[in-house]
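Some structures to go through are shown next.
There are two complexes below, and they share chain A, which is joined by chain B in the first and by chain C in the second.
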Partner chain A sequence: MVALKLKKKSFKMRALGVLIATIALAVLFSIANSNFLSPYNLLITVRMASELGIIAAGVTLLMVAGEFDLSVGSTYALSPMVTAILYSNFNVPIIFAVMVGLMLALVLGFINGFITTKAGIPSFITTLGTMLIYRAVVLVLVGGMPIKIRSQALISDVIGGTIGELFPVAIIWFLFFIGISYYILEHTAFGNKIRATGGNKEAAIAAGINTTRVKIITFMFVSFLAAFAGLVQCFRLGSVAPLNGRGFELQAIAASVIGGTSLFGGFGTIIGTALGVLITGMIKNGIVLLGVSVYWQNGFLGAILIAAVIINTFISKRRR
Partner chain B sequence: MNMPNKARVDNLVYMEGISKYFGKIMALDDVYFSIKPREIVGLVGDNGAGKSTLIKILSGLYPPAKGVIYFDGKKINFSSPKDAIDAGIETTHQDLALVDDLEIHRNIFMGREPKRLLVGFIPYLNKQKMIHEAEKALENIGIHVDSVEDIVRNLSGGEKQSVSIGRATYFKAKLVIMDEPTAAMSLKETKKILELMVRLRETGSAVIFISHNIHHVFSIADRLTILSHGKKIADLKISETTEEEVSTIIMNN
Partner chain C sequence: MCKKAVTLFVVLVMLLAVFTGSALAYKFALVVHVAGTPFWIPVIKGAEEAGELLGVEVQFMGPEEFSVEREVDYLETAIAQGFDGIGVAISDAEALDEPIARAMKRGIPVVAFNIDDPYTPNERMAFVGQSFTIAGNVLGRELLKDEEIPANAEAVVLIGEPGNAALEERCDGIEDILDERGIPHERFSAPLADPSTAVDMMKSYIRAHPNLKIIAASEFATAFAGMAMKELGMEPGKLLLAGFDLTPDHNQMIKEGYVKFTIDQQPYLQGFQTVMLLYLYKEFGLSPTDINTGVAVVGKDDIDQVVELAEAGYR
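Take a look at the complex of A and B:
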């Protein structure tokens, strides 16, 4: 009895650990630079994390389902690029251009899922391939040049504008998609099927779950989020560059893993991922405030990633 | 020609001339298997006899290479376990039972999660129902766990089997297939599971009981089918045979 209670506790410790790490990092940075906790700087930090956070929410669902998507960074560029080309070069109304971009993302996600499940190859390979292919398509489409998208339409403000002078809508979208992903994973039948599929595919199939369908839908969801995050950036900056989003695929996985998501499928929490995203945002911002060379940014993130996985492995070993 | 048709209708399950290969290895060779409504049939035989392969075909996991299956008088063609479950066949598999990282109640309802609507249109997992019904399902088979909200990884082998059996028996299936349900269980737990199978028969289910333990099979089954090297070698009524005879048949093949 006592042993069982303890085991349950350590199960929750995994999520608690990330929260403590987030707070510790915030305290550390605020001691080093008192501006860190100023409302404006916090806003900047969260805003910088938002686009990655939208993607990471989807990436977590996919990892819980037992798959990876390395093509999210390319989709992040390709979908808004198509939107921008349709709008700027072909005078397609902005609302349709946006819809085409998002629908394209669903197709890209379907391709990832279809190849992975039907050919039975690791999604790591499928999406490494499509990452290169989707990126090549972006570069070919625009010949390597950025495309401007200057729209006064309401939709551009809704997706990538600001509320008042300062508050970026991106933060609201980040919270919205975190909420949606949390709802899916914790409170829907589909979420249970995702967890079963990633936790033990054979058992899930024997229980009557169509794991192929579960995976393909989740791949499509991730692509949709990647495209949406790309649109947020595109409307915020008023242009799309063909190399946008490079490295996002690994940063999203890193944020998810820092948040406690298992690399082997079956386990992960959206709350953990949201905190993992905040940690990556704080590192990017904190490094600048500390006056450390920005070249250290990813190095610092890497060190935290390794530490997080060591701690999580230690906790789950004790769990057994 | 009248006889086979009668067999198709009279039986709950009638498997006709089932063959299955894995590469060049013949796992099942022209096997006939039947079970009537409200019957407990023991499926016995040595390791590698083809027992698990036969029930995996019946539960929709494998398609047969040859042969026809009748269920409830109708010819069926399961393309996935979902088809078998929808038809009313529940299975506890020996090797692929549960998801370790999922809580007990989520395991029991995996694939058929109960839903409710939030503010009239948002589908929402009915966790209260899952937890409550999972507790009932385990209570029903007489197994006590600390909390159904604990993940399966933390359970003992016998407890895991109980959860798996709880799932198979909760949904009031026409046919419950149990592949070595008591392998990891204590004597006390085993007794409860044997009693459970008798109760299933009383409430209208048929049960296929796969076991290495001839004594367990004899204590509850109506009939037993013996497989050896992928072939059916005997089909005996329990009332017309003895444990010694069955052991001799299995060992001499």
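Take a look at the complex of A and C:
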């Protein structure tokens, strides 16, 4: 009965589909190995999804606005790397180092948005370029070596510590940014503008929406989230490796798409993305749990990705 | 349709239950930073054969591409899922400290293999593998031994994964010796996972550096340098080449004389001994101790025999 009511709104149906898939996977894994449901293992599973989840929340907003950001993985490495260098090599107070890292991210996002909108080229190309450039900057900065960042300061615990023995703060940040992104998309005028910009750009412009501004701001938001996720990771591990975050750009898009976000803009839900991210975390965890060769991991993700899109397409066709 | 889906689901669950049931005494995890290279084949074989001898299940895991953070994910997963012992390649001196300490605290013994963390605190119980700086030194000395090096000779040191601390240390070790001999050197990176690009890059590099005399690799990229020489029509021995590890391309280049030798860290032992140490600790409480798996120089004379063993998965 519940399902019937929801059928009216296909976006809810899509989110429901992902929810069912998430639960089915969880049931599957817990039957295969009872360890899956141990609180510690569940915590680790969600934690593994957290950093990607923070990024994917932003990536979903951007995809709803009709654009992609392939540079998130590089920003995820570059911003914390700058923070770590300032703190460890130049003795800049940690709080300023963090702020510089985050502000740098806003600049990186602005560059992505500015080039895409002003030059009128596809963001896929812009951010493919900046992905390579930002990564090159990381490698030039440190010559390939990881940089340590061990700080006793409160801020490092707040961003990337653990509560008590085991509970990683990363999970709280994941929920926090999912919440913020959900609120922006569903309950603000800016959210409507994002959806209009990605759904029908001409109509949006006719309605007086400054689509350029909307896109640039969204690009900056995504970069900010990518940098923040990078900081969470670097404070958790105590070091930044220059190759961190490689592949995150596609995983974030995959998680969004599994969650029902349209590749063509105008449509997507943050809840769906959060579930999509959890699925990727569960696959990572489940591969080890099942004792399957780890080489299968991306294969499973790929299969689920395709299945999700087929189901989504099927649902939206049936609706018409 | 719903019925079909449910049936399929049930069958899947049953299959999974069959596959994952295990009656072995212990379950050990071997966690690495990059699973997608042929290097681990003998490591896995060694670990599995030790497992068979001892009645232990061994599971090998790690990200396909080099990634410290993903390695941490695997390590944490292994801890959370209650493995009885963990072997780990410590690819970053900081990032793995905390999870390793956590494993030890939960009573899961941890032994480092392949890469260690000797300079900063780390709670792993022992290390099974090569000493990288020393291995680099050995390569440098062995390569220059009995060779006449022209006064204007230049050297290049190859590093396929910049940021991989083990490779960086080997480069440092090689460069120490080059510095001792006053040979100018620089670093260059050819992609290990993309041989055709790597060969092209090495060709351009060799052409652009007429005084180049020495190519030393911190991994097996010397194989690509050898192929580049061959494609450029250079005689074997015109440049001095040496690198690390046994891969089919590398072995072939040694046979043909383009690469003078390779240094084998005997990875079979790294898998075998890690499992052995973990087992002995679990079963009898014997403290794991460091095991040096050696610096085996393999040149043209030994290569045939070594290749035979490599094909069997032992080298």
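Some points to look at:
The criterion applied here is as follows: the second predicted complex is superposed on the first by the 310 of 320 C-alpha atoms of A that agree within 3 Å, B and C clash if a C-alpha of one lies under 4 Å from a C-alpha of the other, contacts with A are read in each partner's own complex, and residues count from 1 in each chain.
Methods note: contacts are C-beta pairs under 8 Å (C-beta built on N, C-alpha and C of every residue); 3 or more make two chains touch, one makes a residue touch a chain.
None of the values given here were measured: they were computed from a predicted structure.
When the two complexes are overlaid on their common chain A, residue A:Ser38 makes contact with chain C while staying clear of chain B. When the shared chain is aligned, chain B comes close enough to touch A:Ala207, but chain C does not. After overlaying the two complexes on the shared chain, residue contacts for A:Gly266 are found with chain B alone; chain C is out of touch.
Once the two structures are superposed, chain B and chain C can be ranked by residues of chain A touched, with C on top.
Contact with chain B, but none with chain C, is seen for A:Gly199 once the two complexes are overlaid on the shared chain.
Contacts of A:Tyr295 after superposition: chain C is touched, whereas chain B is not reached. Contacts of A:Ala189 after superposition on the shared chain: chain B is touched, whereas chain C is not. The contact sets of chain A with chain B and with chain C never meet. Per the touch definition, chain C reaches chain A in the complex via residues 9, 12-13, 16-17, 19-20, 22, 29, 35-36, 57, 59-69, 72-74, 76-82, 92-95, 97-98, 159, 162-163, 165, 168.
Within the complex, the chain A residues that touch chain B are 1, 4-5, 7-8, 11, 186-189, 191-193, 195-196, 199-200, 202-210, 262, 266-267, 319-320. The residues of chain A lying in touch with chain C in their complex are 24, 27-28, 31-33, 35-36, 38, 40-41, 43-45, 47-48, 139, 142-146, 148, 150, 233, 236-239, 241-247, 284-285, 287-291, 293-295, 297-298.
Within the complex formed with chain A, the residues of chain B that make contact are 59, 61, 80-82, 84-86, 91, 93, 95-102, 106, 109-113, 115, 123-125, 127, 146-147, 150-151, 153-154, 167.
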